[in-house]
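Read from first to last, the chains carry the letters A, B, C and D; within each, the first residue is number 1.
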Amino acid sequence: MTPALTILLALAVPLIGAVLIAAAHRAPNVRETITLVTAGLLFLLVASLTPLVLAGERPEVTLLEMMPGLSLKFKVEPLGMLFGLIASGLWIVNSLYSIGYMRANDEQHQTRFYVCFAGALASTVGIAFAGNLLTLFMFYEALTLVTYPLVTHAGTGEAKRAGRVYLGVLVGTSMVFFLPAIIWTWQVSGTVEFRPGGVLHGKAGNMALGILLALYVFGIGKAALMPFHRWLPAAMVAPTPVSALLHAVAVVKAGVFSVVKIVVYIFGVNEIAGLKSVDWLPFVSGFTIIAASIVALRSDNLKRRLAYSTVSQLSYVVLAAALLTPLSVIGAALHIATHALGKITLFFAAGAIYTAAHKTEVSQLAGIGRRMPWTMSAFAVGALSLIGVPPAAGFISKWFIMSGAAEGGHFLALAVLIASTLFNAAYFLPIVYMAFFCKPDEESMAHAHGEAPWPMVAALVLTASATIALFFFSDLPLQLARQLVGRL
Amino acid sequence: MNLAGHFSYWITILLAITGLYIVIARGNLIKKLVGLGIFQTSVYLLYIAPGKLIGGTAPIIDGQFTLYSNPLPHVLILTAIVVGVATLALGLALVVRIREAYGSIEEDEILELDKTGVFPDTTTSKPA
Amino acid sequence: MIAQHFPVLQVVLPLIAAPLMILLRRGTLAWLLAVIVSWTGLFISLSLLAQVADGSVISYAIGSWPPPWGIEYRIDRVNALLLMLVSLIAAVVVIYSRASVAAELPAHQHYLFYTLFSLCLAGLLGISATGDAFNLFVFLEISSLSSYVLIALGRDRRALMASYQYLVMGTIGATFYIIGVGLLYLMTGTLNMADMAHRLSGVTEVRPVLAALAFITVGICLKLALFPLHLWLPNAYAYAPSAVTAFLAATATKVSVYVLLRFYYSIYGESAVFSALPMGKILLLLSLAAMFIASAIAIFQADLKRLFAYSSVAQIGYITLGISFDSATGLTAGIVHLFNHALTKGALFMLLGCFVLRLGRVRFSDIGGIARVMPFTSFGIVLGGLSLIGVPGTVGFISKWYLVLAALESGQWWIALAIVLSSLLAVVYVWRFVEAAYFQEPDAGIAQLKEAPLEMLVPAWLMIAACFYFGLDASLTIDGAAQAAATLLQGLQ
Amino acid sequence: MKDYLVLRVVSKLLIMFMILFALYVQFHGDFGPGGGFQAGVIIAAAIIFYGIIYGLPAARAVVPSRWVEIMIAAGVLVYAGVGVAGLLLGGNYLDYFVLDHNPVHGQERGIFWVEAGVLITVSGVMLKIFYMFAGRGRDAEDDA
């Protein structure tokens, strides 16, 4: 099988899966088997490309010419490879979890849910493998639209309002900033392809570069840079598997992934390093890190706290990319992976708690660790990873980002990172502490419950273990990230 | 001299403005159509008048004449008149139907009726 | 041999079919004839398009009187594109119309409907094909008169008033046009467009010629519903029978745009209109006003047909915006949007017609939760709406890309911003439909509805599919539009 | 007006001459002022005149609504048919030169049929308009 065919298959498999899932809407078991098989196939396809990319190849395929000179083109490079691996790998786990969650909570419209999920994964793979800005933008918008039914899954007035915010912010930013930025890039440079070293160098003035960068980072609303972060907490009305995979992994990572990709392949790290007109970005992202952390600290709703934590963590990636040092860019790429694993674990745990105990607030969690030891242990692992404590993977990415900040002499950024670490600890550790060391209040004593259904527990244990494992076996992501900046 | 020499244009302009004014200022649907007719008539004049050559005769070839008026504007305007008649007939037919449906041919009254929110189905009550 | 007569057959076939339908007197037979004629027309137009693709110009002398004395039909890359568009829409709509007309009109009017439809089609094709300014007026009136009647066939009594208003406005527009042509005729002594262009070159700053330009611009802008002259359009589209709305929305205004282009670029010449006069700025301002104000009005409509009618006014603003840039890219954007918007709006109005078939009307208050019972219709409207918004993968995106590109090329970044901002307004009104159709519980009346028949759904979905096909692979449409733009910019030889 | 004897008699006398005059206008149209439009209107006027004097049903008995509709269509078809004949004989659409061996005769033949078509359609349309407006509200059912 040629690499080009593999790429196309990786796009087609989830779509075919979606059709089959829709066809099997009368037989839940068949439907969910198809979901799992599709997820597995997708991961195998994506993984089969990895050796090629590691060997330095950049398989590519051009699908069709959309407009003269502008094609729908896919090209696998290290960053996309890393993102694709994470998204497709976690989809398997997430499918397992979804089956448990959707059945246990007796949700409506399950077929639609699985169909949209498969569609979302197809879009994510499209984003990961996009060979030019146009393709990226197309799948970026497709991802927004296909996740809209997932966000509004409940169909209630609240879901409808959340859907408005979700769509308004994501479509609004992408249409008003992202699209003009792409067209502008096309106009000045004559190409929208991702090329090592960027395409804008020497084509646009410093001022124009600064404006373009602003259009890109704010236009990519999925990166949730303040003030365009409101959609992410709003999207938390969705069922937890959606929050877990999409709003901790696929969608938000698609955002920061696009930012990193654009900084690396459109602007060029070395090409814009030291430019006055682009040095505002660390401040915006630093502000987002701190501000979102404070909001997270003050949120009692668990999913909301996780959402704001995500907003904050996403800006780590943006900040790391904005520092424009090779080490920090490696950190940015790694953080996409490590945060994904950590945050999906946390969301899985939140969903398990909701399913088993019907609790949504942090303050209700006293003593829950005794009844749900697996869940809360996994939660603790995820929390440690986000804080950046060693045997969890989060440490590695944070290490690289901080080294990058030190290397570039960005001491303010360093300070932000340290402060944020403290914040992370402040809003995660009390939960872990309460869960294991406090006595449950009387109300929760009243109705007994154990762990969530086994598929959910299995899934979250799996991701928690992966978080630890990634710390010890970080070769693959590290290699990919190093290739990104050309440091082998 | 110049003013008088262009008198056909003055009449054209006068007719056009009169017609347009009636269309805009009158609320009666039939009067509007009358205005529209006057407006269109001004165009006929605009075409026909310059086609006439002083001393020219009807453009039917005959040995005793050498100077003919331009026949083309007449042909054009014959077409335009037919179009105008068709428009007028259609407009009047619509007014008849409007009168049957609303019981009025005054624009303000009809708009008032539309605001009431009652919209009877007209297909059943009309012959053709 | 017959192929050399295609330019005239294109127009004459529906013109001959119309009286035949009166003689046939049977709705079904008339429909069959209309199908045959419109599909033949599509074939002819495609063949014409292929003939002129290399940049050649077909000149056909009616009655063998050579131009400039006789009436000339003149097909180049610009109007071949228009002929193809009009024939395509007609061919699709005529299939769709049978079920829709059967439900919305009394049986004894069916054959008259197809007669008028054919006449309207002949008029629109004639406008596109002819190379004679006065002949254009005649066809303009043929299409207009038949469309007034078609609109008046609407079920609601307000259709009568809408038709009347359109008649008054349309007649004023056509009369303005004919005044302009009259002035040009007085100055040049010719009605043949190519000849006129030839004689006007270098003397376009003479006052009667400028006055003629003003009259023609206002007259045609009335017909194409450019923003402050659009007042007839929303009611006309809202109360006309569904098939009529779909057909007119997709073709009538587009053909008027073509007339404007023909006069600006081919007859007056680009420099006379855009360099010597501030026509670009005027068009720009009016287009921007259309894009924002009409979209904003659309958001607050209670009736879906009116909503999309106002959206049409806004979308026409995009077309004229492209023209106002006075650049190859801008013109390409305008022409490609003309095509794209025809596809999108045609599809949308056809799908709305499916609702009308089942409900009798399409107010927001009537369609709560209708997606449950009419999923294909509802989803089609959502997809069409995405194209209006300009989501990548749809034709709307292609148009937007070129419009923004043209704005950036002209160095006016704030126009680019205006284009993308106004497309957000489309998100709002499309999502009003989504929330009404998908987020409400259907009441008892809705719950017992059935999905629209296939003979309506299939044509509508064909158009939706075309919206996506030409959105993903736009090289065909872009090439066509770019060539048409190049032809226009180089003027008539 | 059925009761006015003078009108009734005079109208019957006049109508013949009106139609005759219409035919003159029609056939003299090739060489002098006149033609299908004018002749068509005169013929229609003659029948409308009859209708006004004797009442609408009487006029309809002479020229039924159905005929009028056929006339409208047939006239256009005659006109278009001349064009098609030109096509079939190897010329362009509406090419009269090819309608006869002698091009000048061809022109005459072509314009003759075209004017005939115009006559039929114009008189048909005029009558139709008259029937429609006059019959409005009186016989809502029988007229379709």
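Just so it is clear, a residue touches a chain if its C-beta (ideal position, glycine included) is under 8 Å from a C-beta of that chain, and two chains touch if they have at least 3 such contacts.
All figures in this text were calculated on a predicted structure; none of them were measured in a lab.
Student: If you average all the Cα positions, which chain's own average lands nearest?
Tutor: Central chain: C.
Student: Could you tell me which pair, B-C or B-D, is linked by more C-beta pairs in contact?
Tutor: Top pair by contacting C-beta pairs is B-C.
Student: CA centre of chain B versus CA centre of chain D: separation in Å?
Tutor: 24
Student: When the centre of a chain is set as the mean of its C-alpha atoms, what distance in Å lies between chain B and chain C?
Tutor: Comparing mean C-alpha positions, chain C is 26 Å from chain B.
Student: Centre to centre, by mean C-alpha position, how many angstrom separate chain C and chain D?
Tutor: Whole-Å distance between the two chain centres: 36.
Student: Quick one: chain A and chain C, Cα centre-to-centre, how many Å?
Tutor: Their C-alpha centroids are separated by 44 Å.
Student: For chain D, which residues are shared contacts with two or more other chains?
Tutor: 144 - these are the residues of chain D that touch more than one other chain.
Student: Quick check: what residues of chain C touch more than one other chain, meaning two or more?
Tutor: Within chain C, residues 108 contact more than one other chain.
Student: Can you name every pair of chains that touch?
Tutor: Final set of chain pairs in contact is A-C, B-C, B-D, C-D.
Student: Which residues of chain D touch chain C once you look at their complex with the stated criterion?
Tutor: Residues of chain D touching chain C: 69-70, 72-74, 76-77, 80, 83-84, 86-87, 91-98, 144.
Student: Would you pull the chain B residues touching chain D in the complex into a rising list?
Tutor: Within the complex, chain B touches chain D at residues 58, 60, 78, 82, 89, 92-93, 96, 100, 127-128.
Student: For chain C, which residues are in contact with chain B within the complex?
Tutor: The touching residues are 104-106, 108-109, 112, 134, 137-138, 141, 145, 148-149, 152, 155-161, 163-164, 167-168, 171-172, 175, 178-179, 182-183, 185-186, 191.
Student: Of all residues in chain B, which touch chain C in the complex?
Tutor: Residues in contact with chain C: 16, 20, 23, 29, 32-33, 36, 39-40, 43, 46-47, 50, 73, 76, 79-80, 83, 86-87, 90-91, 94-95, 97-98, 101-102, 110, 114, 119-124, 128.
Student: Of all residues in chain A, which touch chain C in the complex?
Tutor: Touch residues, chain A against chain C: 64-68, 72, 134, 137-138, 141-142, 145, 152, 155, 160, 164, 167-168, 171-172, 175-176, 179-180, 183-184, 186-187.
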